[in-house]
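Below you'll find the structures, each written out as structure tokens.
Two complexes follow with chain A in common, the first pairing it with chain B and the second with chain C.
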Partner chain A sequence: MNRFSIWRLLPFAVLIIFTAPLLIVLSTLFGSYSENWFHLYEFVLADYIISSLILVIGVSILVLFLGTVTAWTVTTYNFKGKKVFEWALILPLAIPPYILAYTFTGLFDPFGDANNFIRSVFNLKDSTIIFPNVRNIYGAIVVFAFTLYPYVYLVSRSAFINQSKSMQEAARLLGLNQLEVFYKLALPLIRPAAIGGMMLVIMETLSDFGAVDHFAIQTFTTGIFRTWYGLYDLQTAMQLASLLLLTVGIFYFIERSSRGDGIYTSNNSTFSPNEEVNLTGLKALTAFLVCFIPIFIGFLLPIVELSLWAYEVNLGFFNNKFLENSINTLSLSFLTGLICAALALLINFSIRYKPSILVGRFSALLSIGYAVPGLILAVGMVQLLVYLDNLAFSGFDIVLTGSLLGLVLAYVIKTYALANSSIESGYERISYSLDDSSKLLGSTSWNMLGNIHIPLLKTSILTSVLLVMSDVVKELPATLILRPFNFETLAVSTYIYASEERMIQAAAPAIAIVLIGLIPIVLLSKMIRSSRPIENRE
Partner chain B sequence: MNNILEIINLSHAYSKNENSITGINLDIQEGERVSILGPSGCGKSTLLRLIAGLEKPSQGEIKIKGIKASSRENLLPPEKRNVGLVVQDKALFPHLSVYSNICFGIKKNKTKDDIASELLTLFKIENLKSKYPHEISGGEQQRVALARSLATNPDLLMLDEPFSALDKDLKETLYSEISLVFSERKSTILLVTHDQKEAELMTERQIMMEKGSFLE
Partner chain C sequence: MKKIQLILLLSFFGHVIMSNEVNVYTSRHYDSDDLLYKEFTQETGIKVNIISGKGSALLQRLKSEGSNSPADIFFTVDAGNLWKVQKEGLFQSIQSDLVLSSVPENLRGPNDEWTAIAKRARVIFYNPENVSEEMIKDIDYEDLSNPEWRNKIVVRSSSNMYNQSLVASLISNLGEEQTESWANKLVSNFARKPQGNDRSQIIAVANGEADLAIANSYYIGIMLSGSAGEEQLVAAKKVKMAFPNQKNRGTHINISGAGVLKSAPNQKNANRFLEFLISKKVQKTMVDKSYEYPILESIRPSDEIASFGTDFKEDQISVKSFGELNPSAVRLMDRSGWK
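Let's look at the complex of A and B:
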């Protein structure tokens, strides 16, 4: 057997490419430190740490509350609208935090639409301000919590569904009422799953650039951006990025290990799902509001506000620039989707065709890019491309730097995990006996891949392309940094309009981002609708 | 002696057309140990769930210590009945240690330790105190489930085929040990089983049940 076949080498080769930008960033920790670093260390680093910490703690508490309470409500009670809420509660995932931040300021600023509306209804003076200022860390906490709570909701709902009825009945007979069953038994039982979801939220919060930049909050991401574009000091920016990368790494490993812990389930053979409690009157109204409010703030409010802004320009947004940005966005995201799907297909095939523990472990590392903030990937990628330019085209100065290649590569590293999860689960459904039969009938590896696996994996491949596309469309910081000169995507033009406070013009690209972002949400909601427990009474 | 349980003309149906239980009448006195014997699917477990308040009757009523607990119109919540139920799958809380499982239902913090220590000794599981349910055997899990149910000092303890998943030798050891515990504590017991020998060893009065009704 050839020990160095392409199927064995492929995952290692891809791993080197994927980790190169990250290693470059981390290596700066061991390099020299400039005066800017000491200035940052002395005057602003503590602010970055404190505001990031407040943000993370506030968002964590709020997402845990919103995610678990809504999940408990839809799995335990039966009330009007419950079947819609089951899947609608994930809709806020389609709204990137920076878009909710833009609509929040458009609504709640002193002369925002919400304040204007109340003043006109109640005939109040212009100086009367009803809603509190949202351009601060508390506003950011609300923005992140209401767009990211679905991560906790999804895992909590699934964990609550898997809790055995007999355990909750035992708790009731031991003297606990329904509310006590929730916080004394059901909640501690789903703790590992909820913590896993919360870690994803923390990683997304720490990675964000658009929302914190809009609210002018000093965090690591805004600090990295300012150090690079304000002080023109890439080395210090990378050193700051390293600190953020190490912090995110800690949360990444907590999330992975909480998956290992799994959720506590009963190990008996007589599992039966919980029966829903029918609610009427005030209790039904309370349950309705518990589920409706997060969807209203996290999805309906920005959609309505964006639609009103778009209506104000009376289709004027539908111009050449918007079309060009849309085409740029769609072609880039489609290209990234295809590359990710192809890579995930080849790597999963190589793991299956030439099984090896080492290859399996290294392949798992390929998904790490999903946890890395886009800004850090961009910083590392720029340095990598500069290095490659110097190595290969020393006479031509810059060829790769500032090209679409770096941008697509950063997208691929960031979104490979999404494609991989879809194709990996597709492969789990293909029996190994098909591979054995194919080998016995004389198929080569490429034959097996092309004639057996790809036709069977068609849906998984399509899903992976769509998942990647919807994520790439939302990506802001990496695009902002790595895009070629004068090249704009929908996310970039939304950011530029919003940073110039031209909210009405930002509406159209923002709506387009949300619509494309809805694709995986629709796929997920389909899965949720088919994952309701089945009553199996004797 | 006082009546702990009084069931009057009780019926229950999971669907409109078919009764799972029809016209059940039963009295259990304080300290009495009663078993209901019958084949699988005859309605034994449903009867226990009705007494526990986990199901609502379609007709008749259940009184616990003279207080109306269940009828077609009213249902006292399970947590307010002060009854215990041990089922075949034990329903131990997997994230809690043996000690915490036993203490789970005890409201008064001051007495927690004393009650738990007494039960750990009584069921001979002191050495398992800090272990988790997945770390102990099926027989040990059953002892923990029984200890947990007794910790709240229920007026009536119901056992739903508690030993059916255990092997023959272990069952026989547990019968004598647990019967002794019940006698010492003067517990009021309602056991359902399909095993005649288990019923005779564990209880003083046996009632036969078939197709949702007691046999005369």
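Let's look at the complex of A and C:
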């Protein structure tokens, strides 16, 4: 065995470059602590922690419920609309949480459109307020859950599809009814997948600033920015961000180790797919509503409200500049998607090929980048780029800082977790015996990767590119300080308007984000439609 | 196609130096400003390159970039950030007689590090149906803590920099202790948990959810213009604007301002850009579009804004106080439970 195998070195080299900005953020923990810590500790830190906790717990429960129940419904039952729901259930991924938050307040505020509408229909007094106030932590839980549940839905669905019929038949024979099969057997079996999806949701919830800021909830993230912008204390803000990161890191490790050494790859030869149960009448209606409500709240409602807003102002937004911004957005997200997928593939392969605890740990660090608020990550990135510039190009002007390269790097770190989760779960389905056979037959590592793994992982790779793309399209506040001069994306325009709550003006670019975000989503949906094992078993 | 590829490639590796340009880091993002920049290019042939973002984030990038920074101009809507750049010593003195002769001294940095470009006032909005002229006449910020306004005041979150500047100005004028007791009482006068932006406060007052709203002056201009939709136009017509502290120190104002950076590669163009911004023509377009107050006395604010009165007394507190006292203001609001 060659100790200096490329599969040991490569992931390290890549990881060091890619984790550097995270390490720069974390390194503030070893710096000095300002007296603002006393203030934070005494007056606000407890609030930050408690609301973040409530938010995470609430979102997790709701997301788990929405994601698994919808996935179970479309995989086990046959009812009207099911074929559409199967792919439409991921559409809310195209809606950034902050945009749903804005449309929620636009609709449900005491004088929002929904309240006004009901009042005018039923001729009620102005003082009658029908819908509950959404500008609170419960509103935020709903917003995050209905935009992020597709992460759990996606993994749960493919896990349910891969569950064998024989197992469920045995359960039915032992006297479990359909519901019991769901929560006693099917659900526990997809635990690793569902929790993996939930980790993504938790990290995205924790790093969000737009939605919680809009609802005026004091979470850890709003605290980070308040400390930076208001107390003028970036050091303390980065220390707070580091604590957030470490917390997520701990969760991540617990989740990893709770999977234990159990290997979830299955031998496909005895696999036989489940037969779907036909539903009619009330049961079919229930199934329909179970799937329709998440899509309605997470996708249709914001689209309708945004369209109404956009209609109210001129549509002059859709011009040449819009085209340019769209191309910028698409190419940036595509590039990030490719790099993330390639990186995730290489790292997961090397972990499998040459298991190393160190690389495993390091790659976990990469995944927690998803939990860093984009702007904080960008600050670490600027420092890294300036350092590299001074190192390599001293005497020249700034080369890397304010380059697209820095921007892409930042987004790779931010979204790597998405690519990794997809490729990792793809790898979990490839039996280790395949690797062993190919090693026995003398194939090289590159051979194994190129000829065996990549063809088997085709769907996972594509999924990871598309997931990353859909995320980069909608979430770009870091772009604001990393971008080159005059480089605009759609999210930049939306973010700028939205951060000043000029939602009516933000509506047009927001719709554009959703439309462009729909491209990867629709491709994903297409894959979902054709991913039924019954129709195309290879 | 080839050309596009080349440009893409070049932009991938950073900023391409071109001879006749000015590089602006700005936290103002108004569409109307973009049009002005285009006009500047047409007039002078100098290309305007823009990076916009939050003031604090841009300042951080500026600091990291150090003497290699390509930035010529730092343009911000927040006096506190202006002071921070000044304190870091990142500005050079403005080298333009035109700017120095037209902008009043109190609207420039102590050593001409920056100049104000436009002003905004933080005022009180009320609905005349619910609040009598008697009650609102001669109102001071200090009066907002009086028990007569219990559960009747709306204002946005204390994370907002305009609230932070207002409280900083009160600390500067009244001292920390008195301001804190004021803030404690103000919080118990809130009609609801602070939420939404300045405009949702104005709408709340228009709809009778509260009696008084603290908000920036220009928002009413945007609402009245109709560009923000019918609902806001209707709401805006119901409310009136009161300028606090007219009998004493004057109403709290904040500024948009800009300065030339020490490391500016295009120093001449930068000064020309500032001259352009304070020219009469641009000032007029700017205040007509953004509904701010002009810094030149010869210019009249937009009709929407002028209808509420133009000759009000302004608090002359220095930008230095904003910057220095901002962290104290935030801590004070945390202690008082102003969410």
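Note that the second predicted complex is superposed on the first by the 326 of 538 C-alpha atoms of A that agree within 3 Å, B and C clash if a C-alpha of one lies under 4 Å from a C-alpha of the other, contacts with A are read in each partner's own complex, and residues count from 1 in each chain.
We adopt the following convention: a contact is a pair of C-beta atoms (placed from the backbone, for glycine too) under 8 Å apart; a residue touches a chain by one contact, two chains touch by 3 or more.
It should be emphasised that the depicted structure is a prediction, and the values quoted were computed from it without experimental measurement.
> According to the stated criteria, A:R191 is in contact with first (chain B), second (chain C), both, or neither; which is it?
A:R191 sits against chain B, while chain C stays out of touch.
> Touch check for A:N486: first (chain B), second (chain C), both, or neither?
After superposition on chain A, A:N486 lies in contact with chain C alone.
> Touch check for A:F43: first (chain B), second (chain C), both, or neither?
After superposing on A, A:F43 lies in contact with chain C but is clear of chain B.
> In the overlay, answer first, second, both or neither for which of chain B and chain C A:L174 touches.
A:L174 sits against chain B, while chain C stays out of touch.
> Taking the superposition as given, does A:Y33 touch the first partner, chain B, the second, chain C, both, or neither?
neither
> Among the partners chain B and chain C, which is in contact with a greater number of residues of chain A?
Here the partner covering more residues of chain A is C.
> Have a look at where A:D389 lands relative to chain B and chain C in the superposition and call it first, second, both or neither.
Second partner only, chain C.
> Under the stated contact criterion, what part of chain A meets chain B in this complex?
Contacts found on chain A: 164, 166-167, 169-177, 185, 188-189, 191, 264-270, 537-538.
> Considering only the defined contacts, which chain A positions touch chain C in the complex?
Going by the criterion above, the answer is residues 36, 39, 43-44, 105, 109-111, 126, 135-136, 213, 215-216, 218, 222, 225-226, 228-234, 309, 312-313, 375, 378-379, 382-383, 386, 389-390, 397-405, 480-481, 483-487, 496, 499-502, 504-505.
> Using the touch definition up top, name the residues of chain C that touch chain A in the complex.
11-15, 17, 23, 29, 31, 49-58, 60-61, 64-66, 68-70, 80, 84, 156-159, 161, 164, 193-197, 199-200, 203, 207-209, 227-231, 326-327, 329-331, 334-335, 339
> Over in the complex, which chain B residues touch chain A? Could you list them?
Checking each residue of chain B against chain A gives 14, 41, 52, 54, 77-79, 81-85, 87-91, 93-95, 104-105, 107, 134, 148-149, 152.
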